[in-house]
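In what follows, chain A forms one complex with chain B and a second complex with chain C.
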Partner chain A sequence: MSSVLGVVDSMLELLFRAITLRDYNTRIVLGGTTLLGISSGLVGTFLVLRKRALAADVVSHSALPGIAIAFLVAERLSPGSGRSSSILLIGAFVSSLLGMGMTMCIRRWTRIKDDAALAIVLGLFFGLGMALFTVVQRTATGNAAGLQHFIFGKAASIVAADVWLIAEVSAVVTLLCCALFKELSLLCFDEEFAAARGYHTFVLDGILTLMAVTVTLIGLQSVGLLLVVALLLIPPTAARFWTHHLTSMALIAAAIGGLSCGIGVLLSAAFPRLAAGAVIVLSGAVLFVLSLLFGRSHGLWPRWRSQREFEQKIGRSDLLRACFEYIEPLFNIDEISARKLQSVSIPPSRLLNIGHWPESHFQRLTASAEKSGLLRFSSDGWQLTMDGAVEAMNVTRQHRLWELYLLTQTDLDPRLVDRGADGIEHALDSDQLARLEGLLSAASDQRIPPSPHVITGAANSDST
Partner chain B sequence: MTNSTIDHEAVPSGIEPSASSVLNAASMVPLSIEDVTVAYHRRPVLWNIDYQAPRGKLVAIVGPNGSGKTTLIKSILDLIPRAAGRVLIFGQEYKTQRHRVGYVPQRTSVDWDFPVSALDVVAMGLYRKIGWFKPVTHAHRETAKQALDRVGMLDFASRQISQLSGGQQQRVFLARALVQNADLYFMDEPFAGVDAATERAIVDILRSLRESGKTVIVVHHDLQTVHEYFDEVMLLNMRLIAAGPTSEVFTTENLRKTYGGKLALLDQLSEKMARPRNN
Partner chain C sequence: MTFLEPLQTWARNDTWIVVIGALAAMACALPGCFLLLRRQSMMGDAISHTSLLGIVAAFFASHYLVKLGVISAATEPLLRHVAMCLGAVVVGVMSAWLAESLQKLGNVESSAALGVVFTSLFALGLLLIRAVADDVHIDPDCVLYGTIETSVLETIGASDVPRAALVNGVVLIVNLVITVAFFKEFRLSAFDPALATTLGISVNAMHYGLMGVTAMTLVAAFESVGSILVVAMLIIPAATAFLLTKRLTVMIGLSLLVGVLSSVLGHLAALTLPPLIFPYFGMPDVHDASSAGMMAAAAGMLFIAAMLFGPRYGLASQVLHHLRMQVRIAGEDVLGRLYRLGETANGSSLGDELNRRQIVRQIVAKNWVSRFATWSLGRRGCVTGRGDELHLTDQGRDAARHLVRSHRLWESFLAKHFVLGEGRFHDSAEQVEHFLDGELLAELDHDLDRPGVDPHGRAIPGS
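Then we have the complex of A and B:
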């Protein structure tokens, strides 16, 4: 029991240490990796919008054989130098270039499409890399540990010197993205127009590709080559749920990238056994799911909520209109006023009859209307309040005008007019309403036109 | 240096008056196409096109599908390489006159889910003028808003483009070209798939451009409206069948030659060249 407590205790202590940044090494790694996250969020935004998302995948996976070969060659030439990450990065760079070059050649000279070309190159290079890796593991001894980190990432335990490289390169890439922001946006949106305006789209594309390759390669050490593509792609796709402006999307992507890297590093420092790359990407994935659910633009929850609000608004209008239609035959149509409407008590059963709602739905509608101060329950039934009466008159007028429009301008069968009116009328705004009134000049003289069809269940009818 | 209020080119001193007047004359011609031929994958698409556009007029390019209308515009704008021939814009190469030329491409290949609003799209027309490494300022946005207002889309400035109808989208792209304040405009089928109200709005804008002395060259698909909208017309079907004032050139005979179904020798040859050799 005490040993379990002891373990938990030390874990918490590690976490606390990490979060409060007491460790110098953690501070540097946090700073550098966060910068990496920011730059990859930015570059990833342009990659996604340019529909080159999987290019990052080709770059990262085709780096593997290069890393293995660089290690073997370095160990052969001077044993012990295989640890140097600069040498391994050079190997990664050359190998990635070959991989990308091969993809472009396949696309250009054969009829094979993008996705198949990617799969072929990925399989070839990564397979070769894996084979070489087993050779590496059999030959070398302690030095091969460094290679493992290229695959799985070692964010939290990166050496300070490497972090400086990551930080510098990320800063340069970030600045470049900001400086070329509008040109890259235009390239992604409308390449043809950009070319017509005199931009060398080939060069711009080249710059974007170079930035993508750079970020991918420096990300190899932090996140590992298996997952670095996720670091580029998850932030912008998450950001898309929050905005439909490109600038905001890029900023949010940078923020999400930086945040997921930061959280990942801290957690990884607290739990050193966890693969750092995985933790970073998982943090990003959590942020993605949150964006999917709650993002202001296209998020599931806001969409559901606005749909609910719209349905409630429709239900409310229909209820008030049903009240009006029940009361209507009791008075002369030109004399109907809010005060007169207020005076009538409507038996709930009759109201239910006019609106054809299911019982439970009716209860909810009336309860909600009562809470909003539009209806009042008396001993004889429901009564409209002043607000309710005014609203009922407006709503009915809108509905009748639209019905009239459908009848006179669109040759709709009168029996179908009520149903047709129900959907559209709730979408009319004041401008459209004014146009409607202009069109139906005769009707606009009257305050509320009479209904073009028979209303069953009203106060003067025999049916119950 | 002689400064002319009309021309944008200054005539260097030391040149003979007659030569300078020739230069002046050339710079008055918005578009001069000489012997232009364009080939695509070894297949000739445009043959020996010669044309001079008049200043301050509305010109229509008409022809059947595949006749090279879009190709002609793209080859003028250096988007497609020419196999032969020369193009002069206001007497100079297109490269130096880009700022005086506006382009409204076909509305087809845009990604409507792209996160931009109508105002953002129009502002893109100013990027070249703003220059490298400089941001888009409030003043630039105001200019873009004015262009949107001119096409009647100011109320839609902050709408994302997929929330616009086809006609509204077309107007936004038109505003993107107008914001440059160019002297020569190329438009590729601006009336395709738009509603009647948008069509009227676009025609009004074309006419106001003409009033201001601008030249507009339009690839047009609707033969019914050529007479009503355009001063000049180019009848194109891989070669220029006829070009000139609408009343003179837009005749039944010429239309038959342009749209006629029989394959002329030229068409047969180009078909043969496009086929792979071992067929």
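Then we have the complex of A and C:
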């Protein structure tokens, strides 16, 4: 028991130390990696909009042979220099560019499509890289150089010099994105218009590709090449659920990227045994799931809520129309007014009949209408309030106008217009209403057109 | 150390490595063809990443079940393999489904959705492996890259056959059976999903069926080549075959062949190349490289070879074809000019002769294509002489006559049916004359009622 407590205690202590940034190392890593997250979120937004999401995967995987070859060449030329990450990154850069170049060649010169070209280059370069890697790792120097950190990342054990490199490059990329924001956005949405405006689309495309390659490569050291594509893809995709606006999307993506990297670094500092790269990506994934659920623009919860509200609104309108239809035969259609509507008491059973609702649903509807002040329960039954009466008249008018439209402008059977109008009427707004009224000039004289079909269950009928 | 010396130590293990690699490559090539055609190649990549999660989860589950005493240790290996297979298939199909749902829900672009799903699940798998790697005997590197070299050592019972060979062989047979049984449905849903749906083939079933088959194949191959390198085996042989033919059955057959070849070549390269290359890097002790990686690289090289030298669609053959056409056209132009010179020559005075030579020089020396074409004409016996003293032989005159006839008939045709400026006739005829054959000329002749002269008043040679 005490050992478990001891373990928990040490974990908490590590977490505390991490969060309060006691360690100098943790501070640097946090700063650098957060900057990386911000810049990759930004660049990733443009990549996703350009529909080049998985190109980043190819960039990262095709860096592998370059790293191995750079190591070998460096070791040959001056033993011991193979450990320098700058040299290895240069090798990675060249190799990635070759990979992207080969992808473009395959796309341009053969029948092979985009996705297959990516997969082919990925397989070839990664296989080659793997073969070289296994050789390199068997040598003494190779093993010590820890080249495999490029595959799995070493976010937690990264050295200060590397972090500074990451921070500097990320800052440059971020600034470049901000400076070219307008041009890049136009490029993503309407390439031809951008060209017409005088932007050199080829150059912009090249800049975007270069930025993507750069961010991918500096991210290699943090999360490793297998996962770096996550840094580029998860933040923009998560941001999608919050907004449709490009500027907001880019900002939110940058924020999510930075946040997920920060949280990941802190967590992996607190739990040193966990693979840091995986933790960072999983933090991003958690933020993604949260965005999926609660994002304002497309998130599941807001959508469900607005769907519910919409259904309730429809239900209330139908209820009010049923009330009107029940009351209608009792008066002359030209003389119906809100006051007259208010005076009639409707037995619940008759109302239920008109609307054909299930009992439980009916209870809910009437309760909700009562709460909204549209209905009032008296001893004889339901009565419309003033608001309810006015609303009932509006709703019925809409419905009847639609029925009239369907009757006169289409060849719909009168028995079917009710259903048709049911479906469409709740989507009408006042503009459309006015236009419809204009169309049906005869109908605009009457305030509420009569129903083109028989309504069963109304006040003067003897059905129960 | 000569190039082939390492091969002298070829052992039983080497043969089995090649066999396992070939079986795995062939088993992967079958679903790979359909993934390629349906433009879902990266889905194969995604499944290979996420299947790691399924494999690892199943591995742990069986391990802890044994630890808890629910399963006996004896049945554990069998249970483990079944569980891994199941786990990979479930997670593979689930990730395809997740990516699609994400695409629909969030209006996210399909490759971004795929990227999000597979990286997240892969990160989870990596985390699980590394977190308990000490506890359970599983090496993260080996799961990712495979260990084809050591998988040959694990044989079944008392026989010599490695287990990996049997597993891959079984999967290959299963894939073959499925491919043959559902060939028509797969083909139709790959090329025309709408038609497939109207014919009653459930496109969804095909889609998820393909994902499931892919995942199952990946599990079998993962022990040999690792879950990451399988991508190369899925797509590259299929793509190579795609570049060589347009017919589906031929493509499938070729992809199997390429798979076998890449396995053979890959292992050979893994044995022979390192001793050649690495001494230059100061590493004389390196004897071999990862065979799986070299197999993927070999497949890639075969693809590049097909891309460059494929008989029909290869770049080299396209360039060659283009050059041949250029030379043919240039040669015909030379013949035509010589013929016309012959028509207008009205004397053999020195002035005319010099004029003629000058014109010939101009024709022939226009560019290197013309020079080469003229040389080739000489070789074929259409012209005689050299330099600027070219003359048509009888054979050459016949060919030239055909050309000039085409030219002038076409001009007459244009003049009869279209109202164009006179210069336009000539330009168009200059191009079209090379592509009219005898049959077409007869038709033109008939249409124009056997004209004797063209719009410029020159005689049209008879056929």
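The rule is short, and it goes like this: the second predicted complex is superposed on the first by the 447 of 464 C-alpha atoms of A that agree within 3 Å, B and C clash if a C-alpha of one lies under 4 Å from a C-alpha of the other, contacts with A are read in each partner's own complex, and residues count from 1 in each chain.
One rule holds for everything that comes next: contacts are C-beta pairs under 8 Å (C-beta built on N, C-alpha and C of every residue); 3 or more make two chains touch, one makes a residue touch a chain.
Computed from a prediction, not measured in an experiment: that's the story for all the values here.
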{"item": "Chain B versus chain C as contact partner of A:Arg240, first or second or both or neither", "value": "both"}
{"item": "Contacts of A:Leu282 with chain B and chain C, given as first, second, both or neither", "value": "second"}
{"item": "Which of chain B and chain C A:Lys371 touches, first, second, both or neither", "value": "neither"}
{"item": "Touched partner set for A:Arg76, first chain B, second chain C, both or neither", "value": "second"}
{"item": "Which superposed partner A:Arg339 touches (first chain B, second chain C, both, neither)", "value": "neither"}
{"item": "In the superposition, chain B vs chain C on chain A residues touched", "value": "C"}
{"item": "Partner chain in contact with A:Asp57 - chain B first, chain C second, else both or neither", "value": "second"}
{"item": "Contacts of A:Arg108 with chain B and chain C, given as first, second, both or neither", "value": "neither"}
{"item": "On chain A, positions contacted by chain B and by chain C", "value": "240"}
{"item": "Residue ranges of chain B in contact with chain A within the complex", "value": "77, 79, 95, 98, 103, 105, 109-111, 114-117, 120-121, 124, 127-128, 130, 132-133, 135-136, 160, 176"}
{"item": "Contact set on chain A toward chain C in their complex", "value": "48, 51, 53-54, 56-57, 72-73, 75-76, 79, 106, 109-116, 118-120, 122-135, 138-139, 148, 152, 226-227, 229-230, 233-234, 236-237, 240-241, 273-275, 277-279, 281-282, 284-285, 288, 292, 298, 300"}
{"item": "Footprint of chain A on chain C - complex, ascending", "value": "36, 39-42, 44-45, 49, 102, 105-109, 111-116, 119-120, 122-124, 126-127, 130-131, 140-141, 144-145, 228-229, 231-236, 239, 242-243, 270, 274, 278, 280-283, 285-286, 289-290, 292-297, 299-300, 303, 307, 313, 315"}
{"item": "Sites on chain A touched by chain B in the complex", "value": "49, 179-180, 182-183, 185-186, 188-190, 192-193, 195-199, 240, 243-246, 249"}
